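Common to both upcoming complexes is subunit A, partnered first by subunit B, then by subunit C.
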Partner chain A sequence: MSIKADDFVDITDVVCPVTFVKAKMGIEELEDGQILEVKLNEGEPLLNVPRSFKDEGHKVIEVNDNGDGTFTVFVEKSGL
Partner chain B sequence: MENVDYKELKKGGFMRQIQKNYFSMRLKSVGGQLTVQQLETIQKVAEKYGHGYIHLTSRQGVEIPFININSISQVKTQLGEGGVKVGACGPRVRTITACQGNSICPSGLINTVEVAEELEKRYGGRELPHKFKFGVTGCCNNCLKAEENDLGIKGGIKPSWNNSECTFCGLCEAICPAKAIKVGKTDKQLYFEPDKCIYCGKCVKICPTSAWSGKSGFIVSFGGLYGNRIAIGRRLLPLIFSIEILYKTIDIALAFFEKNAKNGERFANTLDRVGWKLLEKELNKAL
Partner chain C sequence: MEITNEQMERYSRQIILQGVGGKGQKKLLQAKILIIGTGGLGSPASMYLAAAGIGTIGLVDFDNVDLSNLQRQIVHSTNDIGRPKVLSAKESITAINPDVDVVTYQKIVNAGNLKNIIKDRDYDFILDCTDNFPVKFLINDACVLLQKPFSHAGILGFKGQTMTYVPGRGPCYRCVFQTPPPSDAVPSCKQAGVLGVLGGIIGTLQATEAIKYILGLGNLLTGYLLIYDALTMDFRKVKLSRNKKCAVCGEKPTITKLIDYEQPKCEAKR
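This part shows the complex of A and B:
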């Protein structure tokens, strides 16, 4: 957890496709180069949300397993 | 009424209904695709000769129920003029099913539609000791359920990792369903166990820096059944990268089935009786 995020969004309380919408709204608030911290559930969200970030040009820079069925992903806006 | 050759009718995709003199007419589709022109033709025929509805079969096909025996030749002509062919029933290669594959689906690893069309061209309707089903699915998510088929084809990727691109973010480790990847974030190391890899390609698709790349190929399974008996098709070969070798293995499998099966015996039952090793030996000749 050495990365300092500029904003945080928790999408563990929603399911696809709202996960994607919520994550997208989170990243849109930021400036290029800033970092969003996203807490998401393992399984489908972990597979699809980072892939959507990639498709939109944002770079996942770190992923941490929280050990409780959730992961925390740090994403740099427009980092790709 | 003329004498009816039911066997001939069934060959041409007419399924006898419980209602006397009526048939549910099976139409040809390849990889679950129909053009709007074909749909229009099907609509007209269902309205004029059927009961104004169609049935979507479990294998991506269309049937038009309630075709009267006396209308069969007109129906065939009208369908033919509209670009619709009659499907296959009986002991032969059946409708080739496929998902949309990598030309549409973000998860797809192979061009399933192209493969399905080529399978149809090479083997469609071929007579065999019993029915024979092909299914083509684009990736390990397996929407088309490859292993339910006598011969299943599934897209796969053999991944390789490039150290200089990797940022050790840990995403590939988190998403790998086979737990074949360990990322050492502090020591900047990545540990990959190729033996555990199921060729799903998720690491390649998801990697933010394209440190994972790979060559896609075909995972082929043999002897799947999903009827009275349920058997999961078995993988007997490594990932196949060449399209020529893919068709060579299929040629061998069909020749093996033709040679060894009793009439009315499904592929899995033949393989259980004569031995899977025998097929495996034959298939290895293609590699």
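This part shows the complex of A and C:
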């Protein structure tokens, strides 16, 4: 992991629609340009959460497969 | 304050909204809204505000639930007939959302107690959900004197109207309607009837204004009177100006304390 995140949120403990709610609340606390690291489950959260971030103007800069059914996504606040 | 996972789920549909988010939800959970009248307008307003997670809701009503109320006052149930409306409403609200702190005032509002009720929890926004002119003027004057924002509304027959007052941002109710009409000039709901859904439509608009005010979102009905006609299905927005000579919010106010106007005899209750 080469990217240094400013904050981290784990949304593997919740299901839709709370997944994005929790992720959104995480990025709210950051300043524009800062990076949020989000750990999420494969499947529905991986499909929807990065897309919802893009819809709100944030840039998904990297997606890593953790190999255990979870992924780690790095998002730059207001990066689009 | 921290939002729990359970609250994230309960409020997920509005936290997801752009412009609301967790910060907006916290504002709602910390907000204090006073609803004067738990009848046709106050019923849906209180239920939606509770559902949205308004942290403190004050309810003012001196009356008991009557069978003839149930055609429109949806916060009360048939089992509540004869019970104080504030208690019946509190139970419904708590059943919808136990997060809400409901404060009840089983009182007839008058010039002697209204300011103290508003100051009791230092409410952020007030909803006039009453059914008579003397109290509508009383609420307006109290809010102007205390510099509190409020939503006015009235329903009768097939029509309803609403406007929002925010100090320094447009006219107050008295700028538009200088004094109450003569007590025999206007029929009450009891005499003229009212379509039950009117309370739902207009009361829900009042709740919308309160939520927008707390969130700081969009445009409020300040400087406008919204008039709804259920028969023609017209929503009309009438632009209103401040009256510099307004007796309470004008440049040289003559009303500096609250006035109790005489209530119509058959309607000597809120």
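As a working rule, the second predicted complex is superposed on the first by the 80 of 80 C-alpha atoms of A that agree within 3 Å, B and C clash if a C-alpha of one lies under 4 Å from a C-alpha of the other, contacts with A are read in each partner's own complex, and residues count from 1 in each chain.
Here is the rule we go by: contacts are C-beta pairs under 8 Å (C-beta built on N, C-alpha and C of every residue); 3 or more make two chains touch, one makes a residue touch a chain.
Please read these numbers as outputs of a predicted model, since none were measured by experiment.
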| item | value |
| --- | --- |
| Side-by-side fit of subunit B and subunit C on subunit A, or clash | fit |
| First, second, both or neither for A:L80, with subunit B first and subunit C second | first |
| Greater residue coverage of subunit A in the superposed arrangement, subunit B or subunit C | B |
| First (subunit B), second (subunit C), both or neither touched by A:E62 | first |
| Superposed model, angle subtended at subunit A by subunit C and subunit B (C-alpha, nearest 10 degrees) | 80 |
| Subunit B versus subunit C as contact partner of A:V21, first or second or both or neither | second |
| Touching partner for A:R51 - first (subunit B), second (subunit C), both, neither | first |
| Nearest-approach distance, in Å, of subunit C Cα atoms to those of subunit B in the combined model | 14 |
| For the subunit A and subunit C complex, residues of the former touching the latter | 13-14, 17-18, 20-22, 24-25, 28, 52, 56 |
| Subunit A residues within the subunit B interface of the complex | 42, 46-47, 50-51, 53-54, 59-65, 71, 73, 79-80 |
| Subunit A-touching residues of subunit C, taken from the complex the two chains share | 3, 5, 8-9, 11-13, 15-16, 18, 21-23 |
| Touching residues (chain side subunit B, partner subunit A) in the complex | 106, 167, 169-171, 173-175, 185, 202, 205-206, 208-209 |
